[in-house]
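Here the chain labels run A, B and C in written order, and each chain numbers its own residues starting at 1.
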Amino acid sequence: MNRPAKKRPELVCPAGTPAALRTAVEAGADAVYCGFQNATNARNFPGLNFTPDEMAGAIAHAHAAGTRVLLAVNTFPPAGKFGLWQEAVDLGAELGVDAFILADIGVADYAARVHPGIRRHLSVQAAASSPEAIRYFVEEFGIRRVVLPRILTVGEIRALADEIPCEIETFIFGNHGLMIEGRCSLTNYVTGLSTNMDGVCSPAAEVRYDTGVDGCVSTRLGPHIIDRFAPGEQAGYPTICKGRYFAPARGEAYYAFEEPVSLNLAPLLPELIAAGVDAFKIEGRQRSRAYVRAVVAAFRKAIDATLAGGRPELAELVALTEGQRQTEGAARTKRWR
Amino acid sequence: MPVRSPAARVGAVPGFVRLIPLPLFLLQPLLDRVVRRLAADLPEVFDRLGRHRTSRFVIDAREMPFVLVLRPDPDRPLFAACPRHREPEHEARVEGRFLDLLGLVDGDRDGDALFFSRDLQITGDTEAVVCLRNALDDVDGSIAERVAAMLGPPGRLALSVLRRAGTGPR
Amino acid sequence: MALALTLGPIPYHWSAEEKRDFYARIADEAPVEVVYVGEVICSKRSPFFDRELPEVIERLERAGKKVVLASLAEVILKRERAMTAALIESPDHEIEINNNAGLFHARGRQHRIGPLINVYNEHTLRFLAARGATHFTLPAELPREAVAVLAAAARDIGVGIEVQVFGRASLALSARCYHARAYGRSKDNCQFVCEEHPDGMPLKTLAGADFLVINGIQTLSAGYVSLVDRIDELRAIGVGHCRLMPQRIDMVGVAAVFAQRIGGAIGPDEAAARLLALDLPAPLANGFWHGVAGERRVAAVP
């Protein structure tokens, strides 16, 4: 597909609570994504997300400001519990969301059949990383936009853009998940709660921080110690994929999967826009209003500056990142793999 | 964790905190008023807390000579100041600098970021803390200002002094 | 309903010679009806066995096994896309799809769905069946209750249901090769270090507990899944096929124990005891089946 240069990409921002949503709208979000308070979305965390009433109010607020609302229904209903996901889709349609973000084939089929007039985006949880996989979802379920897995280089994204008949959304900032989303059962292996079926990753109820006599803090998930931080050492999320382990080839425990770092693709904005990216997604529905305000405002400025022909100013966002470090992850080079 | 004596901590208290030289028995009625008023004004916070409404939190602002104990139960709210050597039983404990904690309550600081930088320490029931954080974060505007307003001109003055102190070097 | 034993694809990087010997023994001695072959985890490994594969397939078929060709789990690169497309053109064999890219090519043709495709519910199952899927091996983390609903739906529309009953559970896939990372290398320059660990590279926790196993881009459970003492449940809810995942152990012995249990020659307790007597290098686990932490082993209810 031939794309005009300098089209205006959408800035898609996280909203874990109504207050975060209002903050994102005020800070310049073109669209916000959010979910209901249950397993139908991949951030089913305690105290987070929207009741139906809150969702109605949030949509009214966002629409009044010209901001779109994308509803994440992006987990995989286990057989026998499909009704909850149907309800989420139906309720979203009734409340007037602008798009569904979907992952499960059954849910996507349901949304396409019952609510054909509402846009459907393919969640990163669907793990569609090739033109064929994406075209499958476009042709079968009328997907209008794919959220790409965080595993592709800019070059690969550019090549993909030419081969697929839908919009592209890429993550630009936030938690740098190492496992392919939608294909990870690590949490379930340890806790009995499934990322795909229950929408949780390292549920807080299973996380404990123990301080030893040496001042080191051990992170425990279920029965396992998954990391230990010396006093003053930067910490990360208590997820299995950010933990330190022993392996035969390593003398000391090491980050077997990834260090605690956050994704920040701000320096690659011009390249990504040129590659044909239609929307930039900021991760972090579990984060605070303070995070949403700072990150959304910074990327609003960076995108606008890029579109005006300048280079984006490197936002001072390091303080908000995991381990206080950032990475361009897979985007710059295949060596990351 | 190295155990420091309460006296040593008090010695490290920056000047601004000494602006509230209230003995605990004078402070307590104030805290009671604050928590009851917030419970009445912000019912949505308690919905978000779910089962953690009855959890007991110890909040330890390191520079303070005492810790705060919170049970965010709208029917039986508890918000009390406790001497460090008589810390009560609790489900979860949050420890950090006073101004970081104030920033958290006010939606000015990000809890994950403070955790990553090790400025915030969490022990006990992690879910209770995450839940409380998420619930407080959904309150628009500043909870501290609500409280200050509740306490009238002295409250507002105290808050502005605290915040000015917070913008200085840390 | 009759329960059939199958052997899943070898997940690890074994040498061509080791694979050839392994399949020769399977052909001669293992009481399995279906054998899934082909490289699922890493496209870089494929060339090592491509030349041997036709002979191995022929050997297995001569022994009366049905051979199914399994597709790659991860499809990003051009060669991976081409491999997936080519596999589906295989004229003589059924194929098992393990990546959504494969679904694109397989539509309208008869095919099987592998455990690395997210089939969690009856709606997804029916949708894929309507596009030509005839047989489903379900994701390892699905609990019994969900499998029962899926099996009932499968029976209604006449497709097969297969569940992994033995071997390490696949827990996660990544674009990054963690084997290469452990040795300070990148995936493109891995020098096939994964060959050093024919049963995967163990990861221990800081407390010294056996926790996970690395196999290139794949993360597996340290424990071996075993449903050998749950065969009656599997049968009762309508599962038709039981999959054994190859490990670097006496897989013929494992298959024999399962076959005896399925045939009724031995009871569940004895079957479990005989499995353990094979001197397995890892503990047994069945937590996923019971809807609890996958690494746990839940005792059978008498």
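Assume contacts are C-beta pairs under 8 Å (C-beta built on N, C-alpha and C of every residue); 3 or more make two chains touch, one makes a residue touch a chain.
If you're wondering where the values come from, they're calculated on a predicted model, not measured in any experiment.
**Q** If you average the Cα atoms per chain, which one ends up farthest from subunit C?
**A** Farthest from subunit C by mean C-alpha position: B.
**Q** Count the C-beta pairs in contact for every pair of chains, then give the pair with the highest total.
**A** Max contact pairs: A-C.
**Q** Please tell me the distance, in whole Å, between the geometric centres of subunit A and subunit C computed from their C-alpha atoms.
**A** For subunit A versus subunit C, the centre distance works out to 29 Å.
**Q** I'd like the Å distance between the centres of subunit A and subunit B, where a centre is the mean of that chain's Cα atoms.
**A** Distance between chain centres, rounded to whole Å: 31 Å.
**Q** Can you compute the centre-to-centre distance for subunit B and subunit C, using the mean CA position of each chain? Integer Å is fine.
**A** One centre to the other, that is 52 Å.
**Q** Hunt down the residues of subunit C that sit against at least two other chains at once, touch-wise.
**A** none
**Q** Name, in rising order, each residue of subunit A that touches subunit C in their complex.
**A** Within the complex, subunit A touches subunit C at residues 76-82, 103-107, 109-110, 126-133, 135-137, 149, 151-152, 156, 178-180, 182-186, 188-192, 194, 196-197, 218, 222-228, 240-241, 243-250, 253-254, 256-258, 330, 334-337.
**Q** Give the list of subunit C residues in touch with subunit A in this complex.
**A** 74-76, 80-81, 84-85, 99-105, 107, 116, 118-128, 139-143, 145-150, 153, 169-178, 181-183, 186-188, 197, 201-209, 211-212, 214, 219, 221, 287-288, 291-296
**Q** Touching residues of subunit A toward subunit B in the complex: what are they?
**A** Interface residues on the subunit A side: 16-20, 22, 45-48, 51, 203-205, 207-211, 215, 217, 229, 231-238, 260, 286-291, 294, 319-324.
**Q** Per the contact definition, I'd like the list of subunit B residues that touch subunit A in the complex.
**A** It is residues 1-2, 47-50, 52, 103-104, 107-113, 115-118, 121-127, 129-135, 137-140 of subunit B that touch subunit A.
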